[in-house]
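Heads up, the next two complexes both have chain A, just with different partners, chain B and then chain C.
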Partner chain A sequence: MAEPASLFVRSRCVGTAAVIYASDYLNKLSGERIERECKRQLECGCQTLVIDFRGTELVNSIGVSILLGVIDVAEKSGAQLIFSDVNTETIQLFEMLGLTRHVALAKDEDEALTLLNEFAAPPQSFGH
Partner chain B sequence: MSTETPGENTRRVLSRVDRSEFVGRADELRRIVSHPLHEGPLGLLLLLAPTAGVSELLRQAYDQFYHQRGKIIPIFFVVPREEKTAVSTAIEFLNTFLLQYVAFRRGEPSLCQSSLSLNDILALAPPADYEWINQLVESYKRERFGNDDEALVRWCLSAPQSVPAQHGYPFVMFDAVALIDSPADGPALRTEMIRIFSRSRLPFLIAGLRRQMLDAVHDAQCDFAGFEILRLEKLRDEDGRALIEHVAHKQRITLSDEVRDLLVLQFECSPLLITTFLQAASELGVSLDTYLACERLYVDELMGRHFGRYFSSLLEDVAADPGLRRAVIRLLYESNTPGSRRNSFAGWKGSLHLEAAELERVLRTLHAHEIITWDGGIVEAGGGSVVWNDYLKIRYRLEIKGDARALVVAETIADSLKRAPNTMARNYRRVASLGLRDLLARFDCQRVPAILLDYARFSDAYKGGTLDEIAAGLEADPGLVRLPQVVHVASCAAFNAGAQPLCDEERCVVAHAFTESKYTDATQVVWMVAEIDSKLEANREVANVWCEQLNLMARESGFGAVRIWLIAREGFSPAASQLLAEFGAYASSRQQMELLTARLDESRAGRNEAASATEFEMVVPMGDDNELLVAHTVEEIARRLNFRPEAVNQIKHAVVEAIINASEHSLSPDRKIYQRFRVENDKLVITISSRGIVPVSVEARNGESEAASGEIQEASANRRGLGLKMIKSLMDEVEFERVDEGTSLRMTKYLRA
Partner chain C sequence: MELPTQKLVHTFGALADLGQEITDSSDVSEMVRTSLHLLLGALGIRGGAILEHMADGQVLKLVAARGIDEGFPEPLHIDDAARVALLNAGLSALSPERLTTDKPDLCALLEECKNAAGTFGIQLFVPMVVRGELVGAVLLGGKATGESFTGEECDIIFSMVRHIGVGIHTHRLLEQLEQRAEENRRLYEDLRTIYRQTVRAFAAAIDIKDKYTQGHSERVGKYSEIIAREMGWAEEEVEGIAIAGYLHDIGKLVVERDIINAPYRIDAKQSSELNRHPAAGFEILSPIHHPYTDIPLMAKYHHERLDGRGYPDGLTDKQIPLGAKIVSLADSFDAMTTDRPYKTRRSLEDVIVDFRFNTGKQFDCEVVIAFCRALLKEINGESKERRILKMLGKNYVEAEKIIPLLSELISELDCIQISSAASSV
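Here is the complex of A and B:
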């Protein structure tokens, strides 16, 4: 029996990378979908994760907590994680809460994938 | 039928003074006169403090009704002191009712003062009333000679209900102050009266001693919702002064301002005592222009004139038997010292050698007159007015101690004279005092500059500064302290009789309070506050004595956490400040107090502004991402206020977090979130509230224990905790307001250029 459509989050694979698209409001529900998708991709052997926030207007603290969990899981799996297309307000929020010390930011999905191709160095070399 | 003549409206019917000379009860008079016609309960209970006086108030009301000549027919009945049984009082009521009714219907006010039999009254009845009054009189004759006293009492009290509606509505005003408790085997008139009137469809008023009346309503098993209550306290000082001046002027008594002010205090603004005393001065031709003349007359009054007779009559009501009366006088007087005021029922029983039922009656009467306080178990003596206590002392010396009358007179005059300047000085201190009780009663979790409670810092920062400089400094001062919410304030003496000699009641107070927004043992604190006399900065010794005294009092009273706050006009010396810091005590000068008072005034004004048109309210159900709806609303409001886009976004985020917090953290019965957005000159104040009980674990977390940024594992494992941290980072001020249940988070964002 197939899972209900609402449980899915949009994503695509590019080589060993997976791009996961966050919804307009990153709260508990949508956050957990992203978390599940990230874990699924990692279990499938994915080496790098890009979470794209192009459609995200607002991230709440539960969403942030879940993202912290994703960062933790990625680190433990030895996978790279990049957040792309994060709006200014959300970047401020991430900075305030210390997320940007643990994850790289890219202007958009293309830049994230480009960076991944060039990837060899630790994530601190990335900037936004 | 009316015999009204020009000028009738100003003529007195039952009142004893002209309306223009009736002082100090204007609001109460208005309420009484409006009572019969207003919608609401038919009954009006006037609850009197002893010697507050009500008779003239009701007479003035009577006259106003009389001259209105409307549908309301006033009936005023004073329970006569000499009527000792319920039956005789009820019959007297019937007679008074019919007499005043006929006087009103005939328009002949002078009839009210006449003494007529029922047959005489019937003969004077207007033709339209003759039939029903005749029936009433005939019926009375039958009831009178029955054997059922209770039925007769009820019948008499029900007589006003016989008035045909087309003739008007009797409004009975019953002055039951003098009504004494009936013997156990007779009908209880006060209770019967309340029961019968409250079941009628007519408006009525019953005035009585406050303690007696409340008991009577309970005894009559009436619902308090069926009554309006009007409390008659003592007059305000300025009204007391005005009353004395009016009466003295009318009676042509020479009166000095000093004596006038002394009388206000000595008689505690009792209209009854004031008018009685001035009447005596008039009768004896005494000029009240010196304390000596005043106190001589006062003692004369106590020794056997009006005051003496008044209190003697009260004692006779308490104890008809002379032997018992002496025993009561002895017990009351000897119990009137600190340390011996509280005694048990059994103790009184042993001292007075009375059966329990008779002792109960004695105690009830003393309790009603507030000479003692009796809760059914413990008897606390030492109550009553200054005048009563002087009278009691005289009676004790004469009857128990056996002192010579001349000695008692001489020493009572001397004592009164010695007391007079102290009474005045105490009053001047009271007037000049800071009003600690009022101030503390207004403490309600406001945030105020901490420096206002720290004289040493205040002195360093602002000594010699102008008011403007201090105001500007305080405005910019980020060091705020949150005042507790005070739930009860009383003088220290109320907790510890030993405190009384230490200072005046109003200058040393105890405030029970809670320090935070929740009522728990941990947040409960007792503030002990004293205003110290000191012309210069109070020194270390003075501060030490006060701290030790207050700490001792706290221990003796069993207070838990205590906060001492001392206030001295000119503040404290550096050594005293250091000592107070060691005690953990707050210290302020008078100027700091005044600044604090002004702050609280502003805070109150600010709250009043809350209801202005610049406030938006929104209620949303919890869940369904409804925080987004609110976020969009607040975004729009913030944009209108020209907040910068970054600030708009911060506000929006904070609101979302606050709503999530409220949704997650309260066991809400209505599952709703209440938002208030108040726009002020330079800021937007947002309050997010919800009902429900906040779980203790969450309550603790609402404090400060948030996950440190960057601690990923902790934060992700404990997904909550970030919300409040975010809010605090995003907004300029964040505070949990005190609410009875649930949470209420107030967030402020300032509009910066």
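Here is the complex of A and C:
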């Protein structure tokens, strides 16, 4: 039975943006909840998704696959996607695997939200 | 960290996680889903699917998918030629975008696959072949970098696909084993049911021969079962003793009907003829392979007595199997509480007096205690079942008289047991 994603994944809405906290869900099958939460936010009219990695020490292959799923969902609904507070090692991994070609990076959640308004259509990297 | 090294560490981690997932997971669908994540995440592939080759051999069914358009899940049909072509291709990267003439048997399948995936671009189609058997296939989309797969990356993909194939294959074998074990269990259960039904039919045949004791064998079976359960026997043993009770008088089938049905006390000669029945029962039951132990012995010794005055072998206390002691008490109780051709049944008070008098001589103390306890529980309502009372019929048991008699006998026999146990230490 599908469980309500919001019960398990912490998220908050700021205007038309939603911040979703990756925490330590990402690296297991349960990380699919993050993808479901992103879908739910997009269906509720959210136009920008910020995935915050402050509680995420390491991203493994399952985590990468789930984030690729989030990228897919965001692109299909024309929403902007920002990853915030990603550590250096993980950024290198995302660059190596091509994720950074599809998302913008922000130093932290505040920066992501402050710079939201400055966003132009094509995503660009900033903050790192 | 240098890029190639970091890539190597990341891929190695994915391979290690995949190995663990395949070994540890008991849920095949979760295993397949996780494996697909690991494969896609290892190389940053934007989507893909795992198809399983179904047992009937005609279809490839989608068992996990990421990023592929909805609507794919129709099974893909494969003909024999395509199946053979996939087996021959083995672990290799086939490209639906570059349909070549060197594998004409696969063109239709790859085309169907491409169409089923909709706008999702399939870059690689990798057959999963394990020990010469087609287990399924993996479809992969493009990389998030937009670059083509390198030869090195294809090797990583093959290695992971092989792992996934082995995982699915192993789960399939386990499922088949479980299915066979379940079939065997059902077959065994059916055989036991047939055996029990046959035994009951035999019991009815025995009782038909004796027109005055109809239902005797069945009642002895039930009383024996109740006693054994009260004594804490395992359920399997309880079933066995019930069978022994049903069959205890099977030897009567070889005794002349006139002697069994004599409406008077039989003479010594007739009595010795009748007394052949336990040994005859043993002869009848011994060649049969029973699913329970000692059934023939319980039939043979159900007329033995603790004091050695029973038959056929005049055994004493410890020489008599406990099962035979149980059947013996059940048999005597039924004989005393049912009408016979030459006498009407005795009152339950009388029967309890008989028990008190004959415990240690004819009956085993522990067995008598167990039977009295079971009867008492039914009378005072402690037990919800009324199996003994039902067999005794209405208006036979006067609760207010019987309860104190039974309680008294139980505590008296308990004391005897405790003191005999103490003296034997």
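To be clear about the criterion, the second predicted complex is superposed on the first by the 113 of 128 C-alpha atoms of A that agree within 3 Å, B and C clash if a C-alpha of one lies under 4 Å from a C-alpha of the other, contacts with A are read in each partner's own complex, and residues count from 1 in each chain.
Keep in mind that, in the parts below, contacts are C-beta pairs under 8 Å (C-beta built on N, C-alpha and C of every residue); 3 or more make two chains touch, one makes a residue touch a chain.
Because the structure is a prediction, the values reported are computed rather than measured.
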Touching partner for A:Q92 - first (chain B), second (chain C), both, neither:
both
Contacts for A:T114 in the overlay, against chain B (first) and chain C (second): which applies, first, second, both or neither?
neither
Touch check for A:Y25: first (chain B), second (chain C), both, or neither?
first
Is A:S61 touching the first partner chain B, the second partner chain C, both, or neither of them?
both
Note: overlapping chain A surface for chain B and chain C spans 60-62, 64-66, 68-69, 71-72, 89, 92-93, 96-98, 101-102
Report the residues of chain B in contact with chain A in the complex, numbered from low to high.
625, 627-628, 631, 646, 649-650, 652-653, 656-657, 660, 709-710, 712-713, 715-716, 719-720, 722-723, 725-726, 729
Footprint of chain B on chain A - complex, ascending
25, 27, 58, 60-62, 64-66, 68-69, 71-72, 88-89, 92-93, 96-98, 101-102
Spell out the residues on chain C that touch chain A in their complex, using ranges where they run on.
1, 3, 6-7, 10, 13-14, 17, 30, 33-34, 36-47, 66-67, 143-147
Which chain A residues qualify as touching chain C in the complex?
29, 60-66, 68-69, 71-72, 89, 92-93, 96-99, 101-102
